[in-house]
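Going by the order they are written in, the chains are A, B, C and D; count residues from 1 in each one.
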Amino acid sequence: MAGNSFGKVFKITSYGESHGKAIGVVIDGCPAGLKLNTDLIQQDLDRRRPGQSKIVTQRKESDTVHVLSGVFDGVTTGTPISMIIYNEDQKSKDYSHIADKFRPSHADYTYQAKYGVRDYRGGGRSSARETAARVAAGSVAKQLLEAEGIDVFAYVSQVGSIALQRPYHEIDRSQIENNPVRCPDSSVAQEMEALIREVRKDGDTVGGVVHGVITGCPPGLGEPAFDKLHAELAKAIMSINACKGFEYGSGFGGVTMRGSQHNDVFEKVDGKIVTRTNHSGGLQGGITNGMDIYFRAAFKPVATLMKSQQSLDQTGKKVEIEGKGRHDPCVVPRAVPIVEAMAALVIADFLLRNRLTRL
Amino acid sequence: MAGNSFGKVFKITSYGESHGKAIGVVIDGCPAGLKLNTDLIQQDLDRRRPGQSKIVTQRKESDTVHVLSGVFDGVTTGTPISMIIYNEDQKSKDYSHIADKFRPSHADYTYQAKYGVRDYRGGGRSSARETAARVAAGSVAKQLLEAEGIDVFAYVSQVGSIALQRPYHEIDRSQIENNPVRCPDSSVAQEMEALIREVRKDGDTVGGVVHGVITGCPPGLGEPAFDKLHAELAKAIMSINACKGFEYGSGFGGVTMRGSQHNDVFEKVDGKIVTRTNHSGGLQGGITNGMDIYFRAAFKPVATLMKSQQSLDQTGKKVEIEGKGRHDPCVVPRAVPIVEAMAALVIADFLLRNRLTRL
Amino acid sequence: MAGNSFGKVFKITSYGESHGKAIGVVIDGCPAGLKLNTDLIQQDLDRRRPGQSKIVTQRKESDTVHVLSGVFDGVTTGTPISMIIYNEDQKSKDYSHIADKFRPSHADYTYQAKYGVRDYRGGGRSSARETAARVAAGSVAKQLLEAEGIDVFAYVSQVGSIALQRPYHEIDRSQIENNPVRCPDSSVAQEMEALIREVRKDGDTVGGVVHGVITGCPPGLGEPAFDKLHAELAKAIMSINACKGFEYGSGFGGVTMRGSQHNDVFEKVDGKIVTRTNHSGGLQGGITNGMDIYFRAAFKPVATLMKSQQSLDQTGKKVEIEGKGRHDPCVVPRAVPIVEAMAALVIADFLLRNRLTRL
Amino acid sequence: MAGNSFGKVFKITSYGESHGKAIGVVIDGCPAGLKLNTDLIQQDLDRRRPGQSKIVTQRKESDTVHVLSGVFDGVTTGTPISMIIYNEDQKSKDYSHIADKFRPSHADYTYQAKYGVRDYRGGGRSSARETAARVAAGSVAKQLLEAEGIDVFAYVSQVGSIALQRPYHEIDRSQIENNPVRCPDSSVAQEMEALIREVRKDGDTVGGVVHGVITGCPPGLGEPAFDKLHAELAKAIMSINACKGFEYGSGFGGVTMRGSQHNDVFEKVDGKIVTRTNHSGGLQGGITNGMDIYFRAAFKPVATLMKSQQSLDQTGKKVEIEGKGRHDPCVVPRAVPIVEAMAALVIADFLLRNRLTRL
C-alpha cells in the first residue's frame, strides 16, 4: 500500500534513506534451489555505484552487499532473502542548509506536503540511492532468469540530442560496458561523454534515453487485462527516478503506421512459430510470443544543479538554492543496471506467475 | 495474480469475454456515502459504445449497465458494487472460420500458448470489449473525484500523421465531444475523420495519440519508490488494448533539455505554492505537487483488417485470414473514455491511499 | 482491502446483499483446462439452500447458479469465472419495521457505526446469504482438488450439548447427507434434530459444532511464518457467519498433554513417510506432512429469535424487536457445505502457491 | 505469496533464520508523525527474550534491536521502518547431528518436502526465533494504538491442567509481569511454575493457554465477509508457532447456549451504546461494537524434548533423536508478548483500513 514493494510472486520490499544507516531489500518469493552468486550481485551494484567513473557523482560508497538470510550453503532456501548495504558516506552536515528549503523539481515539497515530516538529508527516501536495493534484487532475478535462458540487458541510446541511430539488434552488445556512458558504439559514446562533461562544466545536467532488451522469453508470459507484461514493465521502468516516458515495440512511431504495415505476420521457421517483423515488441495482448521484447525509457535531466537557483522554503519565503554537493550531470549511464534490474524483476515475476496458468 | 484486478484500495475486478454472456466489474473499496448517478455511468459507456458514429465498429450493443449491489437508495454502502453489461450481439457463427487460426498481431497465438485453450470468438477475453467494464468502474471513480474537485479528461491529439499542435492548456475542452473523433479542434478533427474514412475504405487501419489531463489534485497523492503516481498511471494506460507508449510532463521531449531549463521553479501565487513551468507534469518524486498532470498515450493501428492476410493455424499450417467482421479503422476515438476511466481509477486509488499517510 | 476477496492465487471476490438483485462471485486465478461440472456446483448450493428441510429457514430461493464467463465448451479458460445467483424472494417490505433498529447480536449497529449508511433489508451484506457465493466458488475449488486426489468434507458433530463422540476417522461418511442435520450417526442425528425442533418451538436458537476433514494433500502445502496452512484455514472458517472458535489436530485438548505424548513419531509404511499418531492434524510448521487435516469449528446460536427482544434504535431510543421472519433455529446443518467450501478454497490456493516453491 | 508478510496497510515483512546472521522486519505502512520510543520496543523484545528466567530456554541472545530506516529525529516519516536483530549465539555445530534427521512434530520433514533444501540449524526459518521480528513490529503497532487509546494485553491462563478460573475482567493486570509465567494470579502462577519445573526435570514439555484482551477499540473496525476482525485475528494468532486453537467471546462454550441467552442486549449508558453482556467478544458481523475484544489461544507442548526419540532421516532410515540443546519446557510464558504483538498488528491494520470506509 505504501509503495515500497514490487512484484506479486517474486516480491521485493525496499527500505532505507540516502543518509540513514542502510539501504536494503527483502525478496520474498524467490524459489528454493537457486545457486546464488553474490559476486554477480556485487558486480551489478558496482555498475550503479557512485564514483565508478569521472562522469558520475563522486559520493564515496563501496555499496558492499551483505546477504543476511534465505541462502544456505550458497543455495536459496525459499525463505526471504534479505540484503543490506550500509551507507558509508553520510555527510549529514552537508544538508543542514536545505533542511527547510524546497529544491526545484526534487521531491522535497511533495514529501513535505504528503507526510508533514521528512528526512531532508540528500532527499531521504526520494533519493536515487534507493535504487541500489533494486539492483541487488534485480541481480538475483537475473540469475533466476539465466537458468531459464532469458537474458536482460540495457544500454544508453541517447544523451541530450546525441542519439545512437542503429536498432537494438544491430548493436555490438560486448561494447556496452567498454565506456563510461554505456553506449555500445564507441564513437557515439565519445560524443555523449563529451556532452556530459560539457554540461557538467556549466554546472548543468542533461537527459537521455535507455534502451532495454529481453531475449529468450518463452511464449505465454504476461497476464490478460490489467497485468499485461508491457503494462507492468512500463510501471517498473517509470518508477525509476527521473523517468518520464516509456514505449515498447513500435511505440510512438507506430502511431503513423497503417495496420497492414504494422501487423507482424506469423511464420514457421525451423519448426518454431516466429513473426516476420516485430513491431509488437514480443508481446501480443500483453503476453509474450517468443520474439524479443524491446523498449525505450526517457530520462529527464537531473534536478540537482551546480548553479544557484531560486526557490521557496517551508514557510513560503523566497530562498536561494546554492549549487553544491556531488551529483550526476546525466543519469543514464548509472540508470542502465537499474533498468536491467527492474526489467528482470518483471520477467521473473511473470515467469513464476505463468506456472499458475494451467491445470 | 491472474491480471484481472486493478487498484489497491479502490479495487476493481473485471470479467467477461467478447462473445460470452456478459461483461462485468466488481468494485471493492468504494467508500460509503457517495451519491451514485447511474446515468453518468451510462453516458460514459455510450462514449465507448460500438455504433456511436460512422467511423467506429458497427457491432450492435446497447451496452446497458445494471448495478447489482453496493448501492442502496442511490447511495454507495461501502460494500462491493457489482455492475453488469449483457452481451447482446453474440454472433458466434461469425468466428468459426478463425477457430484454429492465429490472426496477425492479435492475441490468438499468445493466449493459445499460455492457456492451451481459448474462447476464440471475437478474441474472447483479449477483446477490447473488456474495456466496457473499465469505463463503468472508471465512471464511479470520476464521481468520487468530482466530489473532491478533481477533474479527468482526455481527447484525441493525433491520428496517423495528423497532429493537433496546441498544448493541452490551450484547447477548448467543450469541443471534444462535438465531433466523432473527439479532437477539440474542429478543423483538425475533420482532417482526422477524413483520414480514418480513407484508411477504412482501403480496408486498413491507422494509429493515434490520446492526450489525458487531470486537474485539481491536492499535493501529496502518490507513493514513494515503486508506486509513484506516474508509474501506476503508465501501467493503467498501457494496459489498454493497442497502447504502445506513455509519457507525462516533458516526456521524451525532456531528454534534450538541460536541467536549468527543465527545473520547475517554485513560486507563491495568491498564497498557494505553484511552479512557474510544469515540465514535471504535476509530479515530483512520483507525488502530486498540485499542478496539472498531463500525459500522452500512443495507440498502434488496429490489427483487424478488411484485407486478406497470410498467417498460420494451430498446427503451424499456412492459412489465409479473410478480412471480414465489424471493426474500428482507428481506435483512438473510442479510447478517449477508456483513458479517462483508467486515469480516474488511478487517482481515486491514490486519493484514498493518501488517507493512510499520516498519524 | 475492503474484505470481499479471499485467496491469493485462487482468488475470489464476492458481492451482493440479502435483498438486492443478486449474489455473485468472481474467481480470478482458476487454472485453464479444468472440466467444470456446473451440476456439481448446483448440488453444493442445494445443500446450503433455504427450504431444503423442515429444520432450516423457509425463505424461498432456488439459488440457481449462472456461469457468465471463464468457461468455454465446458472447460475453464484461465480467465475470470463469474457466477451469479439472482435473489428471488426479496420481500423488502418485511424489513421496514427494523429499518432504524439495531437487532441484538446482529451486525446492524456495527455496520451503521462503520459506514454511516446500510442496506437494512435482511442484514444486507452482513446476511449469511453471502455464503452462497462462497459455496459456488468452493465447489469449483473442490473440482480442482478432486483432479489432484484431494478430498474435503464436513459434518455436524455437535448441536447444543448433543455431541457425536466418535473421532472423524471412525464415522461413516456416506451417512452425512442422509439426515437433515448432516450428522453421520443417524441416532445422534435424530437427537440433534429433536433438539432443533424443540428450540424452534420455543422461538429460540442453539449453537453447534462442525467438523471438517481434508484428505489426500501431498506434503509441502502451506507457507512459513504468517501464511501457515492452519492459520489461513482458521481465518477462512472463522469468517463464516456465527463462527466463534477454531481448532485443528489436538486443538485445545493438546494443552494438557506432555510433549512426549503429543509428538507424532515418523514411520515408513509401504515406502511412504507417515506419522504413528496425528496430533499435528496433518501440519507441522504450518505445512502439510501428508496426513489428514482435521479441524473443529464452533458456531454460536443464531441471533434472530422468534421472540420479542429489547434493543435500541439509531437514535438510541429503547425499542422492541418483534420475533418474525423466516430463520434458522440452528445454523450448523447449512454451515456444512460452507465449511467445505472455505476449506476447499484454502487448499486450492495453497496447492497452486506451492507451484512457486522450487526452481 | 511466500508467507512472510502480514497486514494490508500496516504491513510487515519478516526475514531471518534461527542460526543465520540476523532476524529482521520491515514495516511498510506505518503513518508518518508517530513519536517512536525504541526503548519500548526493546522492553517487549526483552519479554520474549531467551534466558529471561529459569523456566525458559537459556540460549544466549541479547536481542538488541536496531532501527535502520523510516525514523528521523525520533519520529516516523511514513517510509519503511526496518529493524534488525543480529543473532549472537549461532552455535551451528550443535546442529550437525540432526542435519539429515527429521525431529518428530518439528517442521524438518515438511520443509524438506516443500523446498527440497533447508537450513537445518535450529529449525532455520521454522524456528520460533522468527517471532522476535513480530514482537519488534508489534511494539511499533502498540505505540500507534496507544495514541488512539487502544490497549492490547495478554497473559497465561492455563499451563497443562492448571487453569486460572477468573474471567479476564476480574484479573489484576499489574500482576502479569510479576512472575516468570505471566499469570496474573500469583498463587496460580506458582502452581504453573512448579509444573513447568517438573516437566522440565522429566525432559518433557507441556502446553498452555494464553488469554488476549483488546480494550478501547472504537466501533467500526473490521471488514465484512472474509476480513472480519476476528477472522484476521484468528489467522494472526494461529500463525504463532505451536498454536492449535483460537476462540473469542463465548467461543466453544457458546455452542451449548440458547440464542436468547447468548444475544447481547444493547443499552445506552452515559450516552454511549453498550451491550449488557458481551458474549460477542466486542465483534458483531466481524466489526467492533466498542466493547472489549477477548480471546483464548491454545498452545501445544513444545516438540523439542530432552529425551531420546525415535524418528527417520532423509533417506527414510530409522534414527534416534537425542535429547539435547536449550529449549523451553513450556512455550506460553514467552508467547505472551508474541500474542500481544500479533493482536496489535491486526488492530493497527484495521484501524488504518477503517479510514477508507466513508466518503
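Methods note: contacts are C-beta pairs under 8 Å (C-beta built on N, C-alpha and C of every residue); 3 or more make two chains touch, one makes a residue touch a chain.
Here the structure is a predicted model, which is why all the values come from computation and not from measurement.
For chain A, the chain whose average C-alpha position is most distant is C.
When the interfaces A-C and A-B are ranked by how many C-beta pairs touch across them, A-B comes first. Inter-chain spacing, taken between the CA centroids of chain A and chain D, is 39 Å. Centroid to centroid, with C-alpha atoms defining each point, chain A and chain B lie 26 Å apart. Chain geometry summary: the mean Cα position of chain A and that of chain C are 46 Å apart. Under the contact definition stated at the top, the residues of chain A that touch 2 or more other chains are 1-5, 8-9, 14, 29, 32-33, 78-79, 114-116, 125, 224, 356-358. Residues 1, 9, 29, 31-34, 76, 78-79, 144, 147, 224, 352, 355-359 of chain A are the ones that touch chain C when the two sit in their complex. Put simply, chain A touches chain D in their complex at residues 1-5, 8-9, 11, 13-17, 20-22, 24, 26, 28-29, 32-33, 66, 68-70, 72, 75, 77-82, 84, 114-119, 124-125. Partner chain A is touched in their complex by these residues of chain B: 1-6, 8-9, 14, 102, 104-107, 109-111, 113-116, 123, 125-126, 130, 158, 160-161, 199, 202, 204-209, 219-228, 230-232, 234-236, 238-239, 241, 244-252, 254-268, 271, 273, 275, 279-281, 283-290, 298-305, 307, 309-312, 316, 318, 353-354, 356-358.
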